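For reference, the structures are reproduced in the following blocks.
Two complexes follow with chain A in common, the first pairing it with chain B and the second with chain C.
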Partner chain A sequence: MQSDSIFFLLALITIVSSIVMISAHRPIDSALSFIVTLVSIAALFALVNATFLFVVQIIIYAGAILSLILFIIMFLNIKDENLPDERYKNYWLLGTSLIVAPFSFILIDLILRSNIALKAQISEEFGTIKDVGLTLFDKWILPFELVSILLLVALIGAVILSKKEA
Partner chain B sequence: MNTVLILLPLVLTLLYSLATVPVLVWMERRIAALIQDRLGPNRCHINGIRLGGIIQSIADMMKLVFKEEFLPSHIKNRFYYLVAPSLAFMSAFLTFMVIPYADTLTINEQSYSMQALPTDLGVLWFLAFAGLGVYGIILGGWASHNKYAILGAIRASAQVIGYEVAMGLSLVSILITYGTISLNEMVSYQTQSFFIFPAWGLFIQPLASIIFIVTAFAETNRAPFDAAEGESEIVAGYHTEYGAMKFGLYFVAEYIAMAASGALIVTIFLGGYQLPYLNTSELINNFELILWGIIAFAIVTSLLFLRWMKQHNIFAMSGLDETKIYTTVVIGFTIFAILVMSYYALGFGDANEVGVMLLQFAVFTIKLFFLHFVFIWVRWTLPRFRYDQTQKLGWNILLPLSLANIFITAIVVVGVNYGN
Partner chain C sequence: MLEKYMILSIILFSIGIVGLISRRNIIVIYMSIELLLNAVNLSLIAISADTADASAQVVSMLIIAITASEAALFMALFVVLFRNKASLDVNLFDILGNKR
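Moving on, here comes the complex of A and B:
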């Protein structure tokens, strides 16, 4: 009961802040409400005992990536007259959400019908750093290495691009 | 009893973070004065009681609280402007939640964790909320709508982001050595001995501890890395436009962040709450012997303190006779403490677990205040780095060094465990 009410509160914060993120006019408002979204998603992870995901979400998304984005927004020094005129934005948002609505209905229906671990018993270890590490390096070693190669490529690309300009 | 033991670490967190701030301000001023060969604040008093100058910090705090709340009229984003200092404060405060103040206490087969938040996330929790602290600075600088403030905020956030990388990598080698991320297990690892030294992180991982301590200075924006508030270049940096208690929150947040990184350094590199070589069960078994040692120590130190005070506390004040009152208090407290301790030392009562817990609190506090002293000592000894030098040190020296350290550590750990 208690965790249910916490869940609903967090879900509400997540949904509201993500709507604000999409509909905000100024980039800094979007970025800041995105931080709220990420932190509340991290809290949702903590609620289901995925402590490692919780802390990694905060360190990487909320701590590192978003602070770089904010940093860039501050550097650009965007003034109000530089922002695009978004007169029909709300109509666009309404229209697209009407188009997407049936698909999301199908998705919710699918989740409710399937029996993905909704009633499964999980061990005490679930979601801790040791458990995640063992699963990652045991079962999913190939995808993990592929993702790290992808990241390496992006890293080298960033270095080369910044060298070219200098 | 149950509730008390659960609330105890939370209360201690408040004491170590919020309540130490006036003491830290006092330490900062008196140690600065000591280094610069002057006296420092010592005149402020309440009817003759000066407490060595602590009354001055209390007066300063009162000033900040009762100052007029002033909102500059050019600020457009009031919400961000107002929320920024509290973000800085909250994230600094939350980093404190995972520090263990004593070993897990077991009474009647029920164990109580002496961390404010009984989680095993340890170091990762600290990194997460230390990273969130940047937002307070970025937002404050941006919302102030002032060139100096935004320059300070950019400096501070670039510095924190850059040094976080080196900090995280130096922690990785520590994690490889200890084989755990839980701070409590790290402390119990450090009760072993390493050749003749205690197996403290400082002796096992000297390079990582130096890197970590340097990055901790940079993360908390303290001298020599305080170019973000370099008053000769950019006024006061990101809190130029802040006054009264809004500035006070930034000010307190900085001290709490310093206390939290000091506590983490104590826990990871200086053996935490443990005395060197001794683990908790040994302490519990030989508690009577240790009590006698503490009694002897208390007598000697209070006698030395009284003699020192008689010679040095000679400043003439109106009001009560300060020296006389302190002498009575010190003698009374020492006698009371000795009576209580000898009651247990002679074996009349059995409270070894609680006694050891109190001893560990004391050890932790002494180590923490030593670290505070080091922080202040460095601030008043080293000149400020130029801003590009700060970045160069972080990216060109500390980052490669910590990477090399991970490599060496991994080789050594694999080599030692080879064949097991």
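Moving on, here comes the complex of A and C:
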């Protein structure tokens, strides 16, 4: 199976780069490895024929949000003495993963035991911009409008927050 | 295919939780939150492909829009906090007034 091997390769890249992301000391390193995570998640979207979401993920996440983070990190001019002193970071990471691991094992075991896959036949149009757009403006019009209000509020809030106090 | 995607999503969510709890750098905490949202998006897309229904893709698109607004607010917050405290340590952010 070709798509299986592609999936395992992408899953490996995603997991390794996200582990690097949470354990890197400098924020620029974690931002750069987070880009790798996001691009491989976008490739995982494309693997199940969600082509429009693939494009959205590349443009908005890897394009807009991550370049904003990189810009802010470089703009803040962060030096080593501005970073928090995380001497026991590795012990913290180890201890927290020991706490979180049983829960994720229980969930994975649950997924493996239960037979959740429907394996519906996907049509030719699935995941195209027409399909997603028709569903968005047909069934999800109210959440769409609410999200536009939320974006406006966030924009105003960001402007007010970053304004220099008089 | 759905089971594999769900398992990968659970693993990514756990990694994000670990980063969220155990780090003190606020930028890494922000990116861990993004990782949590991405894990949820991944499982939504897998469900959408499994049921051949585009509704889950629409929900995932709304999540991406919410993430964009969250990103704008967080960036403004980083700038303000760094201007006030000259540090990225979240332990210093318990007093947000003008006292140094």
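Just so we're on the same page, the second predicted complex is superposed on the first by the 148 of 166 C-alpha atoms of A that agree within 3 Å, B and C clash if a C-alpha of one lies under 4 Å from a C-alpha of the other, contacts with A are read in each partner's own complex, and residues count from 1 in each chain.
Methods note: a contact is a pair of C-beta atoms (placed from the backbone, for glycine too) under 8 Å apart; a residue touches a chain by one contact, two chains touch by 3 or more.
Quick caveat, the model's predicted, so the values are computed rather than measured.
**Q** Is this a clash or a fit when chain B and chain C both end up on chain A?
**A** Once both complexes are aligned on chain A, chain B and chain C fit side by side.
**Q** Is A:Leu9 contacted by the first partner chain B, the second partner chain C, both or neither?
**A** After superposing on A, A:Leu9 lies clear of both chain B and chain C.
**Q** Look at A:Pro143 in the shared chain and tell me whether it touches chain B only, chain C only, both, or neither; answer first, second, both or neither.
**A** It touches chain C, and chain B stays clear.
**Q** Touch test for A:Ile108: chain B only (first), chain C only (second), both, or neither?
**A** second
**Q** Return first, second, both or neither, reflecting whether A:Val55 touches chain B, chain C, both chains, or no partner chain.
**A** A:Val55: touches chain B, not chain C.
**Q** Given the touch rule stated above, what does A:Ala64 touch, chain B (first), chain C (second), both, or neither?
**A** Both: A:Ala64 reaches chain B and chain C.
**Q** Chain B or chain C: which reaches more residues on chain A?
**A** Between chain B and chain C, the winner on chain A residue contacts is C.
**Q** Pick one for A:Leu76: touches chain B only (first), chain C only (second), both, or neither.
**A** So A:Leu76 only meets chain C here.
**Q** Which value in Å is the smallest Cα separation between chain B and chain C when the structures are fitted on chain A?
**A** 14
**Q** Indicate the residue numbers of chain A shared between its chain B interface and its chain C interface, in ascending order.
**A** 52, 56, 64, 68, 75
**Q** Residue numbers of chain A touching chain B in their complex, please.
**A** 28, 32, 35, 51-52, 55-56, 58-59, 62-64, 67-68, 70-71, 74-75, 128-129
**Q** Taking the touch rule as given, give the residues of chain B at its contact with chain A in the complex, in rising order.
**A** Within the complex, chain B touches chain A at residues 80, 119-121, 124-125, 127-129, 131-132, 134-135, 138-139, 141-142, 150, 153-154, 157-158, 161, 164, 181.
**Q** Considering only the defined contacts, which chain C positions touch chain A in the complex?
**A** Interface residues on the chain C side: 1-8, 10-19, 21-25, 27-28, 30-32, 34-35, 38, 41-42, 45-46, 48-55, 57-62, 64-73, 75-80, 82, 86-91.
**Q** Quick one: which bits of chain A touch chain C in the complex? Just the residue numbers, please.
**A** For this pair, the touching residues of chain A are 3, 7, 11, 14-15, 18-19, 21-22, 24, 27, 30-31, 34, 37-38, 41, 44-45, 48-50, 52-53, 56-57, 60-61, 64-65, 68-69, 72-73, 75-76, 78, 82-86, 89, 92-93, 95-97, 100-101, 103-104, 107-108, 111-112, 116-123, 126-127, 131-132, 134-136, 139-140, 143-144, 147, 150-151, 153-155, 157-159, 161-162.
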